[in-house]
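Below: the structure, in structure tokens.
Chain nomenclature is as follows: A, B, C and D, assigned in order of appearance, with residue numbering initiated at 1 for each chain independently.
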């Protein structure tokens, strides 16, 4: 089967590699000609590319399958441009991190032209080439079924995990790592919540490891924490000089918190035990915020997901004005001065 | 009636002033002789002081009432010292911010000697001289009743607030601003939770004002927030250049969030509209932590109080290691770099 | 000065009462004729009313000032209806709890017709008649200034609180309880955040009082909490049988947490000490949600406000499915059964 | 090598099975004679058991290794009893879920007798027999090294996960699934934080799945959520009827949130798609609480771990009194009635 890929950045190129590996062919569109050349050198005749959008569309056989894999901010305009060149029955796929609201709007805009719109939330990051990508898919049933051979090639396959106890018979697509979740936007909706969960789980590990990091706060020499006004009531309980990289490692086998995130964390800690290469200004890329919006809209308590998101805001000084306000109040009612820098 | 006051710092001196003002007399004990002299000059014969503890005890008429008003860390030792000089029937009062666990222990230690122990949580801060102090009291009934004339003088009195609808007849002591809460430790327990609430309410204002502070994030020139990766979806909704000191002021009259904390906040904001005199490193003094311990022990959800406490920890870089960990994970799975400083 | 009031419910009628009391006149529009009659009986000639919208508009002298005070859901349609009857220079006021997004849209829609739109966030609840209403105002400068005499009558006035230290000279309108916050939507934006703060402060009190409520968990007879699997490590620290209504009362005078909310809480607790007349299903009315949306949009950490909102969701069983999921996981990895009902 | 096991419940028996499988021998002590018989039948001569403690000790060859694997509440007394029968050089292991404070005390109490105390936090639950147990160990270096052959047999072994990139040479014990973390208590400290993380990660999944569960809130027929006072502003964004068991399944392969907890969750959801067999009253077993205590003591923000713990408290009606208080306040200032049951 043939796929057209718009955007040959890391994610796009890796998806191309996976489908070509499984015997499919691909036409790429990309502004950087050298990215095309490199992929052509690597993949041979199964891949061709062009920097001309009309040429890109012309090379695809109807019904065309065009996957747009570019930064979320640019996706809308590119979908419009390519859709203007497509024909009824063709399929446009947004594989990036668009908000699902936009999928609903784009799908509705393309429907009158007979062009199908499919949104695919794609998880796997830099490891996707090797592990396969987890695909969460929204759109009409027919085009999604049409794409099945491609989706199967991109997804990890059933071998990537042990089969869930109780499941028998032919594996569902979910067991192979891809799932048609529902109508337009459903793929990005599920991916959005997936990332919200990711934020929460990441913070669970980070908070716990931070507690281990401070487990030596009661040591006589623990000057690092001396600026705390409240002295430790029981310093004898905080005299552990823990080897955090080894702790992360030991949890990888047999424990309840074993996970892929922990695998990555253990690797990072092994390479940089004190995390000296980081400043602690943590970014967020939209999905965590939108997940919280969805929780608020539908009346779902999401304190863990919210705390994880707010922690990122705070890491980038988002709380600074509020903190100054607290210090001002303390000064006002109690005459308290602020603590000096530790 | 006569009171012995150990510690003539701001709090101790103001309590002395209030009781003398109401016709009582006071003997002070304090290491700084000039603090004694200044108070003597101000209050005249109703007040005498000494830097000698035995002399202090000797000047008091049995049954003695000795109020210890010194930093929490030093209270235990001083209570022991003075108790060694007291007689059965005398009363020791801890008016500071001791943890209530210690009250239970101290009370039990003094009981065999016939010395009564009373713990008093004291709220009012630097305004207590003028407004009166709110007193939360723990201990046996008899000594607390014996102290009633003094307590009444220190407390704000019923005129400090409108009477609660439905209350009639002779006002309870609570309506006058002091309350015998229960046995040893009950006073500091109630004061502890009071401060926990205080932390939560402070953060509610601070967070809300921070949102108002960022209400102009969508202005074309809003470079301050440009380091955020997720662009504002609707910048047209965040184009308000609000006058925060005036907003705090307007809420003081007629609104549901009117409070004494807001009065203080409005004053601070009027004096320093951008809070430039603060760095935002917010201290905490024990009660907020102990409140959380009590919530955890008894299975009470306290997410607001916890969030307020953790915000203070974060303001003093308590989350830094965890934040570095999050950045490390993001780099690991997504190849993401950290955001540069804004 | 003359005001037209659409909606004579509790809030609308009380605003009418306050302006008439100060010498203004009012024309009311309301579907319930008897509501008009009652107000007419009470207020005399300064008030007239009608159930006919065209008649209502005809009775007003240009430039008309029309205040719409009806449930948020109905406001949009009524603003449209009345605006169709107004003339250039007239003013429509939305005094309800609309989302500020709608103010921006409505203001823009009315501008071409020369009709001014003013949004007013109104705090004060059932006590507004007596205390005055705190008014947060958005819109163009000119119509807001035109309305000044009315606004001043509705607001509490400077006497409602002591003057903020440092403020001198002629009081600002904020000191009188009303504030022009900025362009269209600014009034409802500030009111929205006000309510967000209100949610947070309410939860701070509620959590703290809940901890006091459980302060007796260590009593031998404390069967109420026996379903907890983790036994209290130190039951001797939780043997306080506190009188919660008296504690709320004592905090009203002299303490740092004194506030109007606390005044109300003390009154409720006095009337119903065990809160037996409540089920604990706490509603929320939009502003708390929108405040969180604003925090998320602008990157402001708001963990306290979020916790307060999520607590309300949980009180209405919003967490039930998540809780079942947790029990399912516990059963899966540890073979744990759920706790029975206490 | 020989191990003495006190307690042949599920955990104890599975540990015995693993060491016998690797060629070690075991003497068991247990009050239930039939539990001994069953294990004897299964394991043959490598295992003997007794219901007599002195006999148990007599059968062990010095230096004895005695593993106590019984409920945390009973561990202290049993350690004392067995220690009274041991000799210098013998080792007592607490493999249960004791608080690490107790380890410090017990270790110090046994030291003068020359008896070594080793605390081992054991993760793996009902799957430990098959997967191996993750072991977090505290105590002196010498006895821990002495136990190495046994620990290696109980732990999962390096094959249980791919090797962390960058690690070369002979695998550390952490890579095999067991780690000597530090002196007395260090094992249970690390296990405690492990469980704290577990709570947080569990809640991240549960909250996210709950949002998916409500993704259909905007459907016309969505009566389930109709008791919410704030209507959905955009019902068109919440019309997804998601198959939650399939979503959990698809995330198991290739996604960033893949984990063992997710594997278990997917299995539970497959077996009981609507979780009808659960009531949602979620227990907690101490470690989550103690983790929070440690965070508070050392000034580490742990909002995610706290939210997870408080969510469990709320699931068991821990917030009920606070919620009633909120409803009381709303009635007081706004005249609002509570929402009826949905």
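To be clear about the criterion, a residue touches a chain if its C-beta (ideal position, glycine included) is under 8 Å from a C-beta of that chain, and two chains touch if they have at least 3 such contacts.
For each chain, UniProt lists the protein as follows: A, B, C, D = Decarboxylating 6-phosphogluconate dehydrogenase.
Everything numeric in this text was worked out from a predicted model, so none of it was measured.
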**OP:** Decide which interface, B-C or A-C, involves more C-beta pairs in contact, and give its chain pair.
**Re:** B-C
Subject >> Chain whose Cα centroid lies at the greatest distance from that of chain D >> reply: C
**OP:** Round to the nearest whole Å and give the separation of the Cα centres of chain A and chain B.
**Re:** 44
Subject >> Euclidean distance of C-alpha centroids - chain A vs chain C, Å >> reply: 39
**OP:** Round to the nearest whole Å and give the separation of the Cα centres of chain B and chain C.
**Re:** 28
Subject >> Per-residue overlap in chain B, given as positions that touch at least 2 other chains >> reply: 125, 203, 205, 207, 209-210, 213-214, 228, 233, 256, 260-261, 267, 289, 297, 299-303, 306-307, 310-311, 314, 316, 318-319, 322, 333
Original post:
Connecting every touching chain pair, does the picture come out as line, ring, star, complete or other?
Top reply: complete
**OP:** Sort out for me which residues of chain C touch chain A in the complex.
**Re:** 256, 289, 292-293, 296-297, 299-303, 306-307, 309-311, 313-314, 316, 318-319, 322, 333
Subject >> For the chain B and chain A complex, residues of the former touching the latter >> reply: 10, 73, 99, 125-127, 202-203, 205-207, 209-210, 213-214, 227-231, 233, 260-261, 264-265, 267-269, 272, 275, 278-286, 289, 303, 307, 311-312, 314-336, 338-342
Original post:
In their shared complex, at which residues does chain C touch chain B?
Top reply: 100-101, 104, 123-125, 128, 131-136, 155-158, 160-162, 164-167, 172-179, 181-183, 185-186, 189-190, 193-201, 203-205, 207-215, 217, 225, 228, 232-234, 236-243, 246-247, 249-263, 266-267, 270-271, 291, 294-295, 297-308, 310-311
